[in-house]
Amino acid sequence: MTTPAIPEGVERCPTRQFAVWLAVVGVVLLWGVYAMFLIWYKGLNQTGMNDAYGFALWIWADLAVIALGGGAFFSGFLAYIIGKKELKSIINYAVIIGFICYSSALLILALDIGQPLRGWFIFWHANVHSMLTEVAFCLSCYFAVLTIEFIPLVLENPKLNRIPFLHHLSHNLHEVMAVFAATGVFLSFFHQGSLGGVAGVLYGRPFAYREGLLIWPWTFFLFTWSAAAVGPCFTMLVTWITEKVTKKKLVRPETYQLLAKISGWMLLTYIIAKIADTWYWAAVTAPSKGFALMDFYSNNPIYGIWILIAELVICGVVPALILVSQKGRQNKNLLVTAAVLAVLGICINRWVMVLQVMAAPLLPFQDWYMYMPTWQEVATTILPVAYGLILISLAYRYLPVFPHEKELNPGR
Amino acid sequence: MSTQTDNQTASAGNRSSGWVIFVFFLIGFVASIISGWVAFPKLLYSTKQQPIDFNHRVHVEQMGGQCDSCHYFRKDGSFAGAPTLEECISCHSYPMSDDPNEMKFIEEYVNQEKEVPWLIYAQQPPCVFFSHAAHVKGADMQCQTCHGDIGSSTSLRQYQENRITGYSRDIWGHSMLRLGEPDHGGRHQKMNDCAECHLKQTGSKGNCFQCHK
Amino acid sequence: MTQQPQHTKTKRYGMVIDLDKCTGCGACMVACYAENNVPFKQDETDKLLSLNWLRVMKIDNGKQFPETEICYIPMPCMQCDGEHMQGHSPCVSVCPAVATDYDYPTGIVSQIYTRCFGCRYCMAACPYHARKFNWWDPKWPADMKNYLNPDVSARMRGVVEKCSFCFHRYQKARDKAYVEGRKELGEQDYQTACAQACPAGAITFGDLKNPDHQVYRLSRDKNAFRLLERLNTNPKVYYTSTKDWVHRSADNYLEGESPEQVRKARKAAATH
Amino acid sequence: MKIDRRCFLSLVVGGAVGTTLTPVPWKLTDDIAIWTQNWPWTPVPEDGPNKYVKSVCTQCPGGCGIVARTIKNRAIKIEGQPDHPVNNGSLCPKAISATQHLYGPSRIQEPMKRAGERGQGKWEKISWDEAIATVSEKLAELRTKGKPHEVACISDTDKGSVAYLLDRFLRAYGSPNFIRTPTSLDAQELSLYLSCGQQGSIGYDLKNADFILSFGCALMDGCDAAGQIMSAYAGFDQKVQLVQIEPRLSDTAGRASKWIAAKPGTEGILALGLGHVIVRENLYNKDFVNNFSAGFEDWQDESGTAHPGYRSMVKDYSPDKVAELTGLSSQAIESLARSFVRARRPIAVSGYNSTGSGSLDQALAIFALNALAGNIRKPGGITFVGEPDYLSWTEMKIDKTASAGNQQPRVDNAGSGSYPHARYLLNQLPRVIKDAKADAPVQALLVAGANPLYTMTDNKAAAEAFDRIPFIVSFSAFMDETAKHADLLLPHPHFLECYQDVPTPAGLPETVIGLSRPVVKTSYDVRHTGDVVIQIAKSFGGFIENAFPWKDYEDFLQKSLSEKWKTLEKKGYWTEATPQDTTWSEAFRTPSGKFEFLPRAKFAGTGSAKGQALVFDNLSLPGDAKELPLILIPYTSARIAHGPVANTPFMTKTVDAGVIRKNDVFVEINPRTAEEYGLSQGDRATLKTPAGQARVRVNLFEGVMPGLVAMPAGLGRTGFSEYIAGKGVNVYSLIPGVEDPGSGLNTAWGARASLAKA
């Protein structure tokens, strides 16, 4: 009569231990949910934002999680379209991480608008010229695709898989997954890019503004490229952490190696393009509007030139070089360090493209605008992390996320 | 695998069969369709009584057939809308007939110097600046085009109010699907209705600020 | 963005503010708030949380006492024509729901509070910080609701608002013209509340395209400039000042650049 | 048939699928969004026919013409009245935002009597009959005791009908103690009286002047004549020179053609220094000085005593000496003197200061410059505007008690032996009350239009004095600082709700009488102070009642204004049709019949030994210069109301971030001063003066003279509403009074101070 909910042949921790873990994370989640309702009920006055900071922590969190969630589309692209079989080992997990990232992004977006009940205007009364419209459409569509990609995995839960209808549905979905993966890749290229466009088109903000190709500023391409480069790093990093926590091998070493290699080359090409872009912006675009590079990096308590060096060199060039060298990526410590740096780099990039844009003064008589988030903003930004941990825990426990787990952990 | 097979056979006896499930599906489906199309509109709209059953025809005949005898433009170009008590009193300081409605009007409003709380069928929300001048003076439109032939009516229609939005039902229109012309022969008055006519008549849906404030 | 209707004769309403005349008295701000139902709170000292459609900035020349000079810069919405003067104002092009739009007949950037859902992208896009967000529900204590102007709708929490060049006054002036059988508005028929209130006569308002309007001449004065011209936002709010340091404070210049030289270069580039 | 969980699920799925095919989700989504667009708690102002009512703003004595836009008994907005002879459409922010006070939480909506301790804020609503009876009983009691002179009245004006009725009531009742609050024009008006023999005010024809020399006047910094000055300023072309003498770069100085930063308190010396140059270089107007002035050259009086003249006196004020005292260069002084006197229509302006009225001698010294330029009664010069005469009613019959009371000396010492020329000296009242051994010499105080507990310098001393007055009645429309400490509130309507005459505003070169009239009907239980005075008088019966033969205030106003009433009703203002007399021969009513450089009347009876010269002892501010090395000066701003009635919330909203933050006020100091005292931008500091201390923040500003601490006036309110009170510090509470020996007026222009990081 009872079917085990846990996939066959794998070992999971005792229910009690699992429940305690869920409870701990659940408390953090509840804190976030409380803050969320506070914001919906009382309005955005609960945040530290102001008229100079219309975009702040949340938009950064959005851009960052979507960039990090880029592992899903790029691994899917490599696995289903290019046909890299090695990645089958990690593709499920990549999809779950992507799903978490994108659902979090949508939740934060729903929080970040002053009139949530009118949120659908973005679809119904869309302004096709706005990058945000493009973001909203692509984001929603891609989230739908991710959900579809996620469903077969959910259906593989032993209990659900028992139901013939669901079993067949799951099977058939697997068959057509390549189609969805392709759709997802297409959508992702656009919305990752349009997120880059969000800042890049702001021709009233010389710190953000970039020239570009047709209607797309260079940041459009840079965002897509960087998400494709760093998304897999994040997937690797989360997998590695999961392995450490579960004390098991979950993914084949060659999967890591392949992802790291591709990520490394992507990162290297990205950082070269990014440096070129920064140089052109600093030497041509900004000066044409009367700004010298150091105008953007001085006379304020936080944003020094260090942040540019950190983003481009320490968290850009360094991890790229580690990952492209075979020795570097074969050393597990270096590999993890590189992944951490790359993730940090993209977070810095998204941060400056949102918050430093708002901070930099425009008129000579203005000062830098500084901003401090409130606990409500922090709590709602941590909320997705807690939610992600819970979803990962549940998925790991009840779904056959890692197809090679059994084989990699014999005798357990 | 044997466990699974056992379970399937064992459970088959406990489960409802496919057609029962389908019947339930159908019940849910039909019930929701009926409640959505029949009950929902009744719940959504409340029906309100006009304070006085006004006879437009009598007034139009008395006032020389012109709407703008009562619904006039002020010198500054604004439109006066429904007449104020003061304007009504200029004729009705004493009863002009034995009509019970007029009696009620005199007793409850004229004698107590209270404005009549008319329910305006075509009331636009506060974000709308509707220029009667542009339509009536600028484009030479007839009142009936939008309001229907209200001037020949002898009594007032029911006024229905959307409980959520507070809008008059005339704005959306009586049909939930916004099909057909309104009963009163005028126009529906959602923004799209304005835009549609503007597109037809001027070649452009119009700019936001043309009608918003 | 809606397209420009072909049959209408368009105007470019704009403003010229004489900074040598402005005394910083604040009458324009107060007139604006009273005209446009701008709410207020108990504490308005955090200027980044203070809803206003018009701010007057105080700047000085940075010189030591007693060589110091001050200048006030009233800053309404600049009603940018945008790059290439086609209505692609920084804010209009980014609004995802067409809540803000370029009104081609007048050149005024509209803001529809009931359409806005509060994403604040336009605020991020505006280099002048002209756009303000309703962080709170507006409150009018005691009987203060009585003074609210019915021509301007009160804004609810969670939407962006900004100066509209008192567009409702244009709407009313047009109504009056219709009733009087006129097609065109005179210069005085449509004036903003701030221009009307300025006790020093520093603010002039009118159609920048109409040679009969004062702003036509004033905006073409050799001392006229706009804020942050180098961003190519093409504002319709012009300023005049005879003081060099004021011109320099209005835009960003690299070392060795001078306002005149940059202006000349821009003009040359524009004619090419 | 078995019904289980799956059937239920199926039902739900069927329902969900069906629902998507109904209008429910779609219409609800739309309607909920529409609900957010029409939230019931977001107000929707009612529309209706617009009416534009012409009236006059009476929030300050400026007398600006306004147009009030109304819809259905709602006052929507105040705008300037174009072509009005006073302000020609120009208005200050306070007038524009007057509707905020009209409908705001500061209004007193009905008569009330104190229920708890004084100042505790507990009130009990009473009827008007009871309120009036309470006042009458109290006054009648004092009268029976033979002490009618122990009733005093403080008013913000001594011109116009309300002041007239109050004064008339006091005289019928038997008290000489009608006291007007001090204004920044007091010394100037006294100088006019002494040097020209004219009781009234100086009119400045700024519109036609081409060189305006302003001695620290807050012309564009929120003075009480903002409308007329701004409308004149609006008309200035680039040829008009405005020179501002002031230690701080105020808004006036900022817009002036030239800012001359003389040390504070040295304006009189500078005026004499300028006179020195003009006389030395023989640049003065010979016709005027030789034929129509007295006291220019040395002279002898009837008794044969020799007196030095103006020429001798200014000899002591050489440019070098004045330069040292004022902190300017002697070249600057010389060139200023030359450009002033060589201008076609120069004018030297005093009064309107943010720092009090200055001394009489200073006013005389500045007035002398106008005489040297000969620009008196000339276009672009100064004119004399007499006191309003439209309210003179026949003398009334009074009884013995009243006439005995009236003959008592005034409680504020004005008109006494020491101060024969001063008309009101409110600044002396706190000391008089404090010094009284037994009961306070004021047993009942009526306060109308004034708010002395806020506006008086060293207002702590004033509050202590008021505590000794057993009965205080406030006629204020607002719960201001003084009303809060009263025993009885008899609220006056807001100016947009009532009729009131507006006498010619000070500074205007012509006579213009305005009529403020009801723009809306009040919805509160308030009464015009004029009505209340008439009703109180009537409650006495007998000759007091007979002295007030009017039905009510409106009746009084109509009868007083007689034929002017019609014009006022129609146009909103009345101007004198007769052209200005521009001759000099009939201009002066002094003993000599000429303009007197050193007025004989000033010294008559004062017994002053050195009375023949103007005296300047400018560093006579109280306190130890070592302990208090800095000098605090108040500054005013058009955006902060510093008079009896506080800011509107809109005005407070316009105040810069560098003036208040949360509830902290910023003082402006020069960066060099800041360095000296180890202060940096935004630091909190403790400001000490002999009158008290306050917590402030510092704002570094190059435009303020090193060694000075400039603080905005008008903040630190404790009354009104939570939108106004509690912000910053009342600068006047930090300034001890300084008595002018020549006039008895308060001449404090600042206070010694120290500033230490907190």
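To keep things simple, chains are lettered A, B, C and D as they appear, and every chain counts its residues starting from 1.
As a working rule, a residue touches a chain if its C-beta (ideal position, glycine included) is under 8 Å from a C-beta of that chain, and two chains touch if they have at least 3 such contacts.
None of the values given here were measured: they were computed from a predicted structure.
Visitor: Based on mean C-alpha positions, I'd like to know which chain lies farthest from subunit D.
Guide: In terms of C-alpha centroids, the chain at the greatest distance from subunit D is A.
Visitor: Of the chains shown, whose Cα centre falls closest to the middle of all protein Cα atoms?
Guide: Nearest to the common C-alpha centre lies chain C.
Visitor: Report which of B-D and A-D is connected by more C-beta pairs in contact.
Guide: When A-D is set beside B-D, the one with more contacts is B-D.
Visitor: Rounded to a whole Å, what is the gap between the Cα centroids of subunit A and subunit B?
Guide: 48
Visitor: With centres defined as the mean C-alpha position, give me the subunit B-subunit D separation in Å.
Guide: Going by mean C-alpha positions, subunit B sits 56 Å from subunit D.
Visitor: Starting from the mean Cα coordinates of subunit A and subunit D, work out the distance between those two points in Å.
Guide: 64
Visitor: Which whole number of Å gives the spacing of the CA centres of subunit A and subunit C?
Guide: Centres of subunit A and subunit C (C-alpha means) sit 39 Å apart.
Visitor: Find every residue in subunit A that makes contact with two or more other chains and list them.
Guide: Residues 115, 118, 121 of subunit A each touch two or more of the other chains.
Visitor: In subunit B, which residues are in touch with two or more of the other chains?
Guide: As it turns out, subunit B has residues touching two or more other chains at 76, 78, 125-127.
Visitor: Subunit C: which residues touch two or more other chains?
Guide: 46, 50, 98, 114-115, 137, 153-154, 156-158
Visitor: Looking at the complex, which residues from subunit D come into contact with subunit A?
Guide: Contacts found on subunit D: 29, 32-33, 35-37.
Visitor: Please give the residue numbers of subunit D that touch subunit B in the complex, ascending.
Guide: My answer: residues 1-4, 6-8, 10-19, 21-24, 27-28, 31-32, 34-35, 37-38, 40, 44, 47, 49-50.
Visitor: Flag every residue of subunit C that touches subunit D in the complex, lowest number first.
Guide: Per the touch definition, subunit C meets subunit D at residues 20-27, 29-31, 33-35, 37, 40, 42-47, 50, 52, 56, 58, 60, 62-66, 68-72, 114, 137-138, 140-150, 153-158, 196-197, 199-201.
Visitor: Residues of subunit D touching subunit C in their complex?
Guide: Per the stated touch rule, the residues are 36-37, 39, 41-48, 71, 74-80, 87, 89-93, 96-97, 99-100, 102-105, 107, 220, 222, 226-227, 230-231, 233-235, 249, 251-252, 254-255, 259, 261, 523, 638-639, 648-658, 660-662, 670, 672, 701-706, 721-723.
Visitor: Which residues of subunit A touch subunit C in the complex?
Guide: 43-45, 49-55, 112-116, 118-119, 121-122, 125-127, 129-133, 136, 198, 201-206, 287-292, 295, 357-358, 362-365, 369
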